[in-house]
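Submitted below is the structure of interest, expressed as structure tokens.
The first chain written gets the first letter, and so on, giving A, B, C and D; residue counts start at 1 in each chain.
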Amino acid sequence: DPTERAFQERIDAGGKIEPKDWMPAGYRKNLIRQIGQHAHSEIIGQLPEGNWITRAPTLERKAILLAKVQDEAGHGLYLYCAAETLGITRDEMFEALNEGRMKYSSIFNYPTLTWADMGAVGWLVDGAAIMNQVPLQRTSYGPYARAMVRICKEESFHQRQGFDIMMKMCAGSEAQKRMAQDALNRFWYPSLMMFGPSDAESVHSAQSMAWKIKMNTNDELRQKFVDQTVPQAEYLGLTVPDETIKWNDEKGGYDFAEPDWTEFYDVLAGNGPCNHDRLETRKQAWDDGAWVREGMLAHAAKKRTAKVAAE
Amino acid sequence: MDNASLFQCLLRFGDNTLVLGHRISEWCGKAPALEEDIALANTALDLIGQTQMWLGYAAEVEGADRSADDLAMLRDVWDFRNILMVERPNIDFGHTIMRQFLFDAYHHAQLTALSRSSDPRIAEIAAKSVKEATYHLDRSAETVIALGDGTDVSHAKMQNALDLLWPYAGEMFESDDVDAQMAASGIAPDPATLRDAWDLRVRDTLSLATLNIPEDNFAHKGGRTGARHTEHLGHMLTQMQWLQRAYPGAVW
Amino acid sequence: MDNASLFQCLLRFGDNTLVLGHRISEWCGKAPALEEDIALANTALDLIGQTQMWLGYAAEVEGADRSADDLAMLRDVWDFRNILMVERPNIDFGHTIMRQFLFDAYHHAQLTALSRSSDPRIAEIAAKSVKEATYHLDRSAETVIALGDGTDVSHAKMQNALDLLWPYAGEMFESDDVDAQMAASGIAPDPATLRDAWDLRVRDTLSLATLNIPEDNFAHKGGRTGARHTEHLGHMLTQMQWLQRAYPGAVW
Amino acid sequence: DPTERAFQERIDAGGKIEPKDWMPAGYRKNLIRQIGQHAHSEIIGQLPEGNWITRAPTLERKAILLAKVQDEAGHGLYLYCAAETLGITRDEMFEALNEGRMKYSSIFNYPTLTWADMGAVGWLVDGAAIMNQVPLQRTSYGPYARAMVRICKEESFHQRQGFDIMMKMCAGSEAQKRMAQDALNRFWYPSLMMFGPSDAESVHSAQSMAWKIKMNTNDELRQKFVDQTVPQAEYLGLTVPDETIKWNDEKGGYDFAEPDWTEFYDVLAGNGPCNHDRLETRKQAWDDGAWVREGMLAHAAKKRTAKVAAE
């Protein structure tokens, strides 16, 4: 098919695809899935951090956390807009999320149990997210790539803030150090899982990479994340909860243990520690908010009618 | 004018923004629409920022080696000086936005007056804050109008919110000795003098929202003097102050 | 058998009753009928009484000069050893009574076995508690049957509660090194051995209640080892421990 | 009317009226109002204390408080049963409460703000209640009098527990003493109001006293309460928030200031600090519990049918 070949050549040459351009149905479908899932992750991702906003230890920490979840909602907004250029509405995506037809990152199905988790989420979870997102600034779909540029700038800021919390905890009291270690213990493997299973087992990988929707293999990114994070843990005086971790001179990176992929598939299947609560919270918010959305629409319609009548 | 009165006055400013900011922050991730999530987080952020300034100055005035965080995190209910309205639970988005509007209309008038305070520090904080309050007021008024004049359901919910909150509005205009001292020295306006501007704005907006202002002007009080808060504040503090209470002296 | 393991074992007993007792006490004055208010208060009271005994003994075994109250009021989430199910929020009366039933059926079997413990103190506490647990189980089973086999609405609500809570039941029968030590020395039964009696009772009752047992036997865990509680426990502690945290060392 | 005269003579002679006896419509109506109001007060009275059950400072205090609210629910049960003998159902009374057609004691419209309030409620509120209830053990209506006997025994126990909390607080830290004083400051006048306005202004008094539904005047009971409580406050080292309090040798009691009756009428009119929240909590509980009550009734009906079929 010459159209399809021309499309692929344009991508190979580093060109951007824009909303009005022709694109293969699979490209469109995969992008909607991927951008939508990313957007949903920003939205659901507000909840584990929102869980500590009301318990933030200082006014400054509360302000920083508020600003962060506000950014996340903003990222959600950019991403939903990017997905909407592909012919799906935000409400359709919300409904797909609420009904379990669309996913969000499995990491947000883990609970935040102490203040140190606010540090660990920023340091590890945002850190892992950035590994994924930085290359996506060069993704082939224009609106997605441009959204990523804005998002990456803020995410790296969030990661630094998370690391700053960890530094404070690790320089603090015994209880704070214990909290920090406990947070690392709980978030280490779930963070590794964020990159997805080894590419051999990943369904969408080869075609997505050809289309430049996916820029690196899962294993590449995971390795990069481990290589970046292990020295940071050492700097903090924390122990990565993996006894097998060891520098491998030959490959120029760390050897490390695989996460428990059974747990990963359990979480995907809905059996993560917080799947039910996270989704229930969003559904409840959506249902409780119906009268507000309807009221606003009705008022906007009245205003339009009044304006037309006045013209 | 004595320092103790100025301290009380600053606590009243700072506790209002602290407690309302906290309430608003409870919405995180649960608003009716993404735009509202962002707007609520933004409002909470502004209010917490203002709290840092007010309580920071209060701590200096007190001169008892306490910080803004100490004031926020280590006082028990009886030492809080916010009005009762801001500690009311969120209940639903209608109550939240109605409370916000009733407060914003007051806050805007108050900060406008405070930006002319004889105390340069207060004038400076107010000048910074009034820009935020203007934006908050525009937004909450707009939302109250949209929902009051929306569907029958949204109208009923907004009327219900107004009826419930109205008895908590009067406390904003109460005066006592502290206020008298502040007014006499040009530091802060007598709250009673803010009522006309508030009335005008509130009546105008609620009329556009097709909502009826309750006729009974009974006013609950006891928050800004600390004499009698609601039961809700204590529950809020169990969350707000948890970490500082559980790990005293730790640095975060 | 070392003291550290016995301490862990006693925390598991005492934290279950403490946390569930607290959850039940949240119903105060809000139950669907006056008789339920009384029954729930009674259950909470029994569970808190049992907590005093378990944590009292735990504190002695630890020998670190802590009291039962210190253990209840001054540990943070990670040091709690209750199963996740008991820290789940009440949600509604259906969830509350279903959780109670699933726990009571376990608790009754556990206490029956513990009343034959080689540790005379444990045997004594269990013998006292098992009478209460018998009554709790009779009552919660009866209520589950009535509501499961009541109206369509009550049936649907109970099925919903069962579906949600079922993945939290499996943790009751998990074993680890601590349990192995306890079983080896005849102090406490291996939890796995309690499953048959529990299954029998639960299947019997749920069948009378016309409810379907979920087929998926996935089990959440992390509570009884402390590895990973739910987010709900931390919020509970902000309330439960408030006064002791805010006024350390005071006598009440 | 000879029937009415015989009725009054029986009461005057100290006899008891029983459910099946003839009674004037006004006697029945007044008793339903009074017993119902008393029952509702026990039910609503659970809420201000329930507010602190989840924050009780020790396991023992939590147990004592739980036992107390359980007793109160039990008192409610006795009283609803007593009222039911007069031809009204408990559900009818609940509905009248929820709709504001029946009242409950105004004291429960005041908030409980610190742990010391658990002491003050026991000491002052239960103390004032007992002043009212002890003579009602001799009231003319049999079921009511017998309910009162059981209730009084437990109430005086509650009062001692409340006083015990106050003693602990007053022997405690500066903050605890301040809490105790603050609680007395807030509960003093509302407790005085519990006896109702001066009898001159009380609507039901004269007839009720003739019928022995009311055994003492409001002012008598208030005086008795003040005389009992002022020395207790002194013993605790607390200051009653009334500068005019003074021993009056001539009357053999204390002179004291009247409470602010405007506030009393505000609270009666629904403008107390907690009227809205208390009633809303009960309504919510009643509405949320509807499916449970209906489910239980439906199951009981099925069981009856099955039993009949089996016979």
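Operating definition for what follows: a residue touches a chain if its C-beta (ideal position, glycine included) is under 8 Å from a C-beta of that chain, and two chains touch if they have at least 3 such contacts.
Note that the structure is a prediction, hence the values are computed from the model and not measured.
A.B. asks: Relative to chain C, which chain has the most distant C-alpha mean position?
C.D. replies: Most distant chain from chain C: B.
A.B. asks: How many angstrom between the C-alpha centroids of chain B and chain A?
C.D. replies: 35
A.B. asks: Could you give the separation in Å between the centres of chain A and chain D, each centre being the mean of its C-alpha atoms?
C.D. replies: Result: the chain centres lie 56 Å from each other.
A.B. asks: When you check chain C against every other chain, which residues touch at least two of them?
C.D. replies: 76, 238-239, 242
A.B. asks: Where does chain A touch two or more other chains at once, residue-wise?
C.D. replies: In chain A, residues 55, 175 touch at least two other chains, as defined above.
A.B. asks: For this assembly, give the contact graph shape among line, ring, star, complete and other.
C.D. replies: Chain contacts: none of line, ring, star or complete; other.
A.B. asks: All pairs of touching chains?
C.D. replies: Taking the chains two at a time, the touching pairs are A-B, A-C, B-C, B-D, C-D.
A.B. asks: Using the touch definition from the top, list the residues of chain B that touch chain D in their complex.
C.D. replies: The contact residues of chain B facing chain D are 76-78, 164, 167, 218, 220, 222, 227-231, 233-234, 238.
A.B. asks: Considering the complex alone, what residue numbers of chain A touch chain C?
C.D. replies: Going by the criterion above, the answer is residues 48, 51, 55, 110-114, 175, 178-179, 182, 186, 266, 271, 273-274, 276-277.
A.B. asks: Along chain C, where are the residues that touch chain B in the complex?
C.D. replies: Against chain B, the touching part of chain C is residues 76, 235, 237-239, 241-242, 245-246, 248.
A.B. asks: Provide the residue numbers of chain A that touch chain B in the complex, in ascending order.
C.D. replies: Within the complex, chain A contacts chain B at residues 43-44, 46-47, 49-50, 53-63, 66-67, 69-70, 73-74, 76-77, 80, 90, 115, 165, 168-169, 171-173, 175-176, 281-282, 284-285, 288-300, 302.
A.B. asks: Which residues of chain C touch chain D in their complex?
C.D. replies: Touch list, chain C to chain D: 18, 22, 25-26, 28-38, 41-42, 44-45, 48-49, 51-52, 55, 68-69, 72-73, 92-94, 143, 145-147, 149-151, 153-155, 157, 239-240, 242-244, 247, 250-252.
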